[in-house]
Structure formats: C-alpha cells, structure tokens
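Look for subunit A in each of the two complexes below; its partner is subunit B in the first and subunit C in the second.
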Partner chain A sequence: MHRYTWRTLIRELALFALAALWWIPLYFLVTIALKPDLEALASPLSFPSQIELGNFGTAWTEGSLGRALANSVILTVGTVVLLVALGSLCAYTIARRAGAMSTTLYLLFVIGIILPFQLGLVPTYAALRELGLVGTYLGLILFYTGVWMPFSVFLYTGFARALPRDYEEAARVDGASQLRIFWRVVFPLLRPVTGTVAIFTGLIIWNDFFLALIFLSGTDNTPLPVAVYSFVAEFASRWNLVFAAVIVALLPALCFFVVAQRQLIRGFTGGIKT
Partner chain B sequence: MAPVTFSNVSKTYPDGTRALVGFELDIADGELVVFVGPSGCGKTTALRMVAGLEEVTDGEIRIGDRVVNDLAPQDRDVAMVFQNYALYPHMSVFDNIAFPLRCQRVPKREIRERVQQAAALLGLEEQLGRRPRHLSGGQRQRVAMGRAIVRQPQVFLMDEPLSNLDAKLRVQMRSEITRLQEELGVTTIFVTHDQVEAMTMGDRIAVLRRGVLQQHGPPELLYDEPANLFVAEFIGSPAMNLFRGRLENDGSGLACAIGEQRVPLPEHTLARRLGLAAYADRELAVGIRPEHLLDARSSDPALPRLRGDVKFDEALPPERLVYATVEAPPVVTEDVLELAQDVDAAAVERLEELAQERFVLACARFDITASPPPRGPFEFAVAVDRLHFFDLETGAAIR
Partner chain C sequence: MSVPAGSTNARPAARRRRRRSGLPQVPWVWVLPALVLVLLLRYVATAAGGWYAFTDWNGISREAQFIGLDNFREILDNPASRGALENTIVLAVTFVVAANVIGLLLALALHRTLKTRILLRALFFAPVVMSSLAVSYIWQFIFSYTGPLNRFLDAVGLDSWQRAWTGDPTWALWTIFVVLVWQFAGLAMVMYLSGLAGIPEELDEAAAVDGASTLRRFRTITLPLLAPAFTVSVTLSLVYGLGVFDQVLALTGGGPVDASETLATQIYKQTFAFGRYGYGAALSLILTVLITAMALAQLAVLRYRERRI
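This part shows the complex of A and B:
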C-alpha cells in the first residue's frame, strides 16, 4: 500500500515540471505561428498580442502545401501497402517452411535491419536513374520499401511463427486454396503486426526528409518535409508563416499517432486474442 | 458419403515416434466409428491422416474407392471438427460456417440458405452475427459442427470435440451429435479418450493402444468379449475386477483358484471357453465385471461363492457399488499399469501396494433396493458363466 504523503506530492510536482520541458518548443511553435508578421520578428518569445489564424491559410497557399500533402500521402500509403503485402507474405513463407533456404532468407533480412541503408544509397540512386525512376513516386516508393522490408519481415515472422497452425489446417480441410488461406485466414490474424508495421514505417516515411530530398527535390512530387524546407528558404524572414507551415505538416501525423497509439503498442507486445 | 478403409496403415513421425502401427479397419458407408484409447495412443494421428494433415508412412487409406494417400486435404472432401474447434477468430459465426462453401464458390444466395439451414439444425440462428470469442463453449462446439455439416462432405472427422465441455453439456451434445449423424447419414470417425462416450455413441468402437488396434466391434462385443486385458480393463466403469488365479484340476473337473478360494468351473462354462483346457495347472488372469459379483444372500445357491471383506459402499441409485477386499494376488501387468497411469500416479502406487499385500479391492454392483451388505466378511455369488480369462504373458483373452 502506498500512502499519499507530502513527499509523494513533491515528487509528482517535480515530475510534472520535468515533463513540461518537452512542451516548451511546442509552445513556441504554436505561439509564433499565431503571431502577426512584425511581432514574430520583434518579440518572438512573448505571448501573441493578437491571434492571426490567417497565417495557416497563407502558408498553405504560398508553400503549395496542398500538393505536398498529397505527395506525402501517395508516398506513405504506397510504401506501406507494399511493405504490408509483401512483408507478410514473405514472413509467412519463412515462418512455415523449415529448411536452410528459409533460415538463410531470414538471416538476410536480419542483416538488412542491421546494415545502414546509406551504404547502398549511391549505387541504388544510379540504378534508379538509369531506370528513369529518380524524381518519380515509384522510384522513391521502391527505395523506401527496400529499406524497410527487413523490419517488416522481421516483425511479421516473429508473430507468424507463434500463430497456431490449427486455423490453417482447418482451412485446408475446409477446401481453401493456399492463397485464400493466406488472405482470408492468416493475414487477418496477423493484424496486430500489420498495425505496427503500417504505423511505424508510415510515420518514418511521412517524416522522411533526407531520401525525399535526394530523390525528388526539384520536382513537384516533393512531400511535406521537403516542401516546408523549401518554404524556409523562401520565407526566412517570416517565421510566423514558417511555423504555421510546420504545424500544418505535423498535424496529420500527430492526429494519426494519437489515434493509433494503442494499436502500435499492441503490435509490439504481440499475442492474438481468440 | 463413402466408406473409409485403412489397409495396414502405419505412421512414424520424423523424430522416430511410431504413432500408428499396421492399422487395419473398414468403416462402412454412413457408419459412426469411435476411436478410443488413452492419450498418446495415436487416435489424433489416425484422424489427421484421413484428413490429409499428416502423411501416411506406410499402407493405404481409401475414401470410397479412391486411394487418398497423396491427395491434398483440399481435395478429399472431408470435414473435421478440431479438439479446440479452430474457429476463425476474426470471422462471425455466419462467415465461419460459410467458409467451406465460399471455398467451393457456391453462389451467394445458396450459401445464405445453407448456412441458415445448418444454423437452424444446431440452434445457432441467434448467434450468426457474433464472433466466436463471444460464444459459450457449447455454442462454439456447435459452430464447429456447423462448419462441418454445411458442406455435406464424404466423411466427418471429430477429434475429441466434447472434451472441452462441462459434464452436463457433454452428455447433451453426445446425443445431439449421434442424432445429427444419423440424420445426415455421413460416415463419421469420432475420437475420444473417454470410454463412456465411446460406448454410448459408436455403432462400432475401435480400441487403440500405443498405435496398435486392440479390438474393434460394437460396444456390447467389446464389453462382453474383450479380446485382451487392456480392452477388458479399459472398457466399463467401474472397471472389471481382475485376479491372478490358477486353473487346477481336482479330479471332478477344472476349478479356478483365487487366493485360497476355489471357484469350480462347470461343464457349460468350459464348453464356452475351450481354450481353457490348455491352461490346466497354469496361472492366468481372471476377470469379472462388477455386476457379475452377486449378493449371495439372494442369488442362485448353485453358483460358486467368493468371500471378501466389505470395506465400504457407494449408493448410486439405482445401484449400489460395494467394495470389498478379496485375498488374492492382483494382476499387475503392463496393460493394467498403463491404464492406472492414465488415471494418475497415485493409482499406480495404490496398485503396487495392493500387489504386495496380495489383496484385490473388488467392486460389486448391487441393486439399491437390497439392504446394504454389512462391513466385514461377506459372501458373493459368482456368475461363473461371465468370467473372463486372460493369458498373463500376452494379455490375450482365452476363448
């Protein structure tokens, strides 16, 4: 039993204070984004004297954030769909086949997690350029998929190995084809991992700046982080607009994370409920 | 619907476990056969081989006139109810039952009709929209049945489908399954480790032990004429009383010595068991079912007597189980020990203790209306025609 004493109270207050530190940057982000032009430069740290919601609209149109948002969605969704569809199928095969081939394949993927993708960046870039895929959605989607596939396969394999075989056996006796067994029985049972893979890689790709800059800069296909970056270069003197653009870029990811948080944790901790 | 034939079927697992050895059995079209035996005797293995989930190491399994050894489960047209039901947890009851039909690409309207029909047959109409995890054990069991019957397969395979239910529900489902099977007329193999379930459900019972078929036949045959000690001990509850005895020729004919007591065997008994002649002056196992140990106070005075020491009785209307020690060495062969092992380790110990004391705790089944026998020395009448005799070495019945 714990009794609530003065010491507990003090400890709690200290922890709250510590946690508040994380809110400071967010506080400045929001307050500056809401200030009128001049005030943002003159007294950036003060509380806004006047709330300027119009900043968001300006940032949206000036920075073509609409197009950038669409680009981000296409890149993220495209990659995540591939990671889920191919990763689960591949992991299922690895999990259900005993033998040297499947072990080797699995090891290759594990190595893929360990090795930094930067090692292969230059040759892959060259190859994609040869194929005419640099600057296209498809090129970057393929690259992302390659980079994150080991992670996807790794998570799916662990889960698929623990999946009881009874359901598949029941489905076989029920007369289901191999593909139907996978898509109708196994894949739905892998849902917790699908959630984790989708959310985790989705957030990373949504926020990716580096690869998007390398593969897409100079085209209209750049996603939000790159678009915001260009925006900074263009509007360096108007921090209130820059910060408003950052908020616009952050918001979808933030909402998504809040909604999907539980799913994310469940996928990592595993276990299926029957 | 089709007959199922096992011809000399064996199964050896990759780790060397011999789960089934030289299994021979013909199952007629529409018959319900129960495979019964202690856990680990190969029942599930046999069933899974029919389903195609395990490869046949040796021999041939036929469904109808097709050899199915190399056929994928998908192509065998059998339906299986798994011990844990294996209901698809992410599908509604409707989708679970409809699944086999969807695999066959049955038109949507027909699927709905047939699922409704199966649901009605099993009393599941109200549950169709629910997920398996929201169902009770009995309802899940029914859904598993529904998934099996909706397809009208050649063969039903059921692996201990009732073992996860509570006692009352088990009895109810037992008769429900028998009724369904009769109605549908589908050849069925039903696996259980519970001999009572086997006795009440099967047209025919196959008793397995360590992968070897011990005996098969209708329940009465197994009960009245067990082929060996194992079947004798396994079938029937309370189990058959077994004594180590000796056949002696005392000039007037053969008698069976049980401890210090002698049970004379009349001519007509010997005529039914011609094999006994070869056992004169040899030891053997003598078995008698509880209902064939009678109350001497009220039975035919011509019957031979067996004295015992009544220890306690259990009233279990309409009968009374009377337990008495009889001074005689018990039968402690491997078969008997294995069955005791199946109950619990303590049972084995008890048996071994008794063996040292050279007592058998015999059970007699009396009518509840008769006055209970007093504690202490008591005489039983032996229905001598119903005695069973077994070879002590092989365990085989002496006929």
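This part shows the complex of A and C:
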C-alpha cells in the first residue's frame, strides 16, 4: 500500500524545500553571528568571507551571559526538583488513599491546571515583594512551582494509581519505613512521569521570559532570555553581536534536543496528551 | 482530616485487602507542601487578583479603593487597551487556524513512506524548543527595512511592497503572527503525528480495497479519528496564542503607537511600568476569562464531535 513511487520522491523533495525555507532564519542567525562589524552591515546575506568568533566573546562578557546561563540552570533545576519531589509525594498519597478527601484534593489540582496563572500574578508579585522575595531565585522558583504543580500532581496521580502494591508490601515486610519505601521503591517506578514532568516543565521554564522579566529584571539573577533582551536594548541593530548572544541563548536547548530528541518529543506529547 | 477506618462501608473488600497486606495508610501530611503552594499561589492569588480588578490599587498604598467597573470601562475607552484586546483575539484565532492547518499537513506528509521522515520531523520540530524571545530577534532582522524580506521583494520586482514591516501599523501584528506560526507548527505536527499513529492501518486499507478515493478516506476515516488530537492541539495553541508576549516585546514592543499591543504586554506595562496594579489586574481578569471561556467552549465543541463518532 505504501510503495515508494516517483510521486513519493517528489513529495520528499518538496518537504526538503519547505524545511530549508523553515531553516532560513537559522542560516541568517549563524552566518551573521560569524561576521565582523563591517561585513555584517554591508552584506548581511552573503556567506561570511572571514570567521569572526570575537562576537561571541563580546556578547558573552558585555551581556553577562555566563552569569545568565548559571541563573537559567538554577531556576530550571530548582523548580523541576520541587515539582518532582513534592508533586510525586503528594500524588502518591492521593493515589493510595481512597474516599472523599482524596477525590476533593485530586479535583483541586485538576482545576488548577485549567486556571490561567495571569490573574494571580499581580497579587503574588505584591505579596512576594512584601516578603523581600522579588528579585531572588526563591521568589520566582516558588511562583513557577505553584503554576506547574497541578500539572505535575495530575500526571503522577494517574500513573501511581495504576502501580501494583506488591513491591511496597514486600519492602514493608523487610521493615522499611514509609518514606524509605516511597523513595527507594515507588519513586523509581514513577520514572516515566518524572521524565515527562522534567522535560516538559523544564523546557518551558528554561525559555520563560514573561515571568522572569517581571520578577527578576534589574537584578543580576536574570536568566538567558532576559539577559538577551537587555543585551539587545544596548546593542540594537548590531546584528552580529545580537545574533551571537541569541546563539548562546539557544544552544543549550538545541543541544539537548539533538541528544535526547526521542525522549524530548515523547515527553512533550506525553505532557500534552492529558 | 483522615477518614477513620470502617466509618464508611465504601469498598469494604478493598479495605480488608489493604489491612491484610499490612501496609499502613500513607500519611496525609505528604500532601501538604504541594497543597499549600497551590492553594496560596493559584487559588488565593487568583481570588485576590479578582478583587484587585475592581479597585484602583497602585501597588504601594495599604488601601485599595473599590471602584466597581471603572477599570473595565477604561479598558474599553483607552485605545491602547481596547486595541490590545482586539489584537489578542485576532492574533489568537488566526494563529490557531494557521498553525493547526500547517501542522496537520506536515503530519500527513510525514506520517509514513518518506525515507527521511524522522529527520524532516526533527527539522520542523526544532523551533519549538527554542526561546521565543531569542528567535524573535532573528525575525526582526528579516523584517527590518534593509533585511532579507525587502531584498527578496526587490529582487522579484515587488519593490513597491517594501516597508519597515515591524514599524508598519497594519503589518506589525502580522510579523508576530508569522513568528508564532513558524515556532508552533512543529508542535502541532507532533501532536497530529501521535494521533495518526493511533489509527489502525487496516481501516484505511479496507476502505481503499472497497474503492474509496484518497480524499474520501481522509474525510471519513482519518479526520474523524484525529478528533482527540484536534482537541489537544487547538486548545493548547489557543492558550498559547492568547497569552502571547515574548514575540511582541522583541519584534515591535507593542508599537507603532500601540498598534500591536496584546493583553499580556498591556498587563506588563500597566502594572509594572505605570504602577497601576488595579488596572493591570482588570486586564488580567479579562485575559483569564478569555482563556477559560474560549478553551472550555472549544473543548465542549470538539468533545461533542469526538463523542458523535
């Protein structure tokens, strides 16, 4: 039924042409980032006649991108750890207890997924400012965690409900404490969900600009997107420098995509199909 | 908080089994950290935001004055805010249609047979993982007056079409649209691909043996069975489109003269640049109602269609 005919070949070539069109922006990005000032200005579209790696050095130091990279890692890892640790613990409890209480809690988290975060933004900002947490990693990590926790609990609960109790019972016979059973027996079994939660929320938080701009701009704690934004404000229209900064900002996620493409797409669709 | 054992006789068999297994109940305390975070940051904060929307709070004073619907009246009177509301809806709707049509076509093209389909899928999906703020600067260059788009128009003899695209009152909004579609189509494609993977091939083959044309098979088999994928992809793109912010700030900054403001950029500017917390909360309330209403409405429609199949 699915024979490869000359029409299939034409379809394949047409899609490659479309993919090339899709990637034209990235061609501009790379070639211009490699050009010296004059060439970037005079002939932006040509292939670079000489490679100027100095743009990356300038962007790195002028844009404090090293610090921004570290900030992005701290914010993303901090949030994902909280989402995974607190989310799995909470979901496991909801899954293992029966009754009205468990159902109510479950519904509370499910509704939390649908509830948009924007309306709570202004009061939360004001409250965190009172507590001196605006401008700190902790303040933003707490906000991210609050936004994504319902999603994490929802995914973990669905999975934990389907887990057989046999392993827990065996561990209990061996005399392990409840927390130990959870950590050593249940948590490893939840690994597929942990992967989905970490990849899906991790990528969204890594690329978040809106909340990071609101909570952290003006401090040294800004992640990559906000750092690029500030950098562009200073070096607008010097496209070779701007694009060098953009490449630095895009590279970590792209590398991750190339290395873990299958897991990433699976994590994404797994996270969405709920 | 805990339900005393044996107080209800719901599922007594399950209860007995658990007791025999010797597993003690998981303590409710384990729920607390996640629960407190969600209650405070989602429920209490949202309720407080709902209240602030009807006040003139400036974010500093202790007192917030209740002013009824004044904020909402002003949103409709103020050209920037009103324009933001209109832009958000126009942008979200056109974006949802375009991203899903392109995503579906890509998924159909890359579902089977092509030898390089894995590579091609990756090429179209790659923009999804990129920072939307960062990629928007590439597009700002493309749309700039001396940029590639105008050079291309010049080369093909359409030099009268040349303009500063992001600085043009009519076109600024559509530059944002292009970037949104470019970045999101790959995600829609992946969602439709996973929907297509769930359709049994035999069904299509049986219909083909019975003499149904390709178009007919698509209309009567593929499309109906893709309904769940539609629901997910349309809902997600709608929520994403209504909250658009990064692309606007990078490409146009909301300009020229507020021509491309969206609700999210207005919330940001009114609240955090002008210190009008009450007004910002009112804008947030509109955005929240819009997201919830549109998401629920189209979920209802699509679920209804799913059920009819």
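Operating definition for what follows: the second predicted complex is superposed on the first by the 258 of 274 C-alpha atoms of A that agree within 3 Å, B and C clash if a C-alpha of one lies under 4 Å from a C-alpha of the other, contacts with A are read in each partner's own complex, and residues count from 1 in each chain.
Here, contacts are C-beta pairs under 8 Å (C-beta built on N, C-alpha and C of every residue); 3 or more make two chains touch, one makes a residue touch a chain.
In this text the structure is predicted, and so the values were computed from the model without any measurement.
When the shared chain is aligned, subunit B comes close enough to touch A:167, but subunit C does not.
Judged by the touch definition given at the top, the superposed model places A:175 against subunit B, while subunit C stays out of reach. Within the superposed three-chain model, A:185 lies in touch with subunit B and out of touch with subunit C [touch as defined at top]. In the superposition on chain A, A:60 contacts neither subunit B nor subunit C.
Shared-chain residue A:235: touches no atom of subunit B or subunit C. Between subunit B and subunit C, the partner in contact with more residues of subunit A is C. On subunit A, the patch touched by subunit B and the patch touched by subunit C overlap at residues 169, 172-173, 272-273. Of all the residues in subunit A, the ones that touch subunit C in their complex are 1-2, 4, 8, 11-12, 15-16, 19, 22-26, 28-29, 32, 44-45, 86-87, 89-90, 92-94, 96-101, 105, 108-109, 112, 114-127, 142-143, 145-147, 149-150, 152-153, 165, 168-169, 172-173, 178, 182, 203, 206-207, 209-210, 213-214, 224-225, 228-229, 232, 239, 242-243, 246, 249-250, 253-254, 256-257, 261, 264-265, 268-269, 272-273. Considering their complex, residues 51-53, 72-74, 76-80, 82, 84, 86-90, 99-100, 103-104, 132-133, 147, 151, 157 of subunit B touch subunit A. Contact residues of subunit A toward subunit B in the complex are 164, 166-167, 169-177, 180, 184-185, 188-189, 191, 272-274. Against subunit A, in their complex, subunit C makes its touches with residues 1-3, 8, 10-11, 14, 21-28, 30-31, 33-35, 37-46, 48-50, 52-53, 59, 109-110, 112-116, 120, 122-135, 137-139, 141-142, 146-148, 151, 182, 187, 190-191, 194, 201, 204-205, 208, 232, 236, 239, 243, 245-246, 249-250, 264, 267-268, 271-272, 277, 280-281, 284-285, 287-288, 291-292, 295-296.
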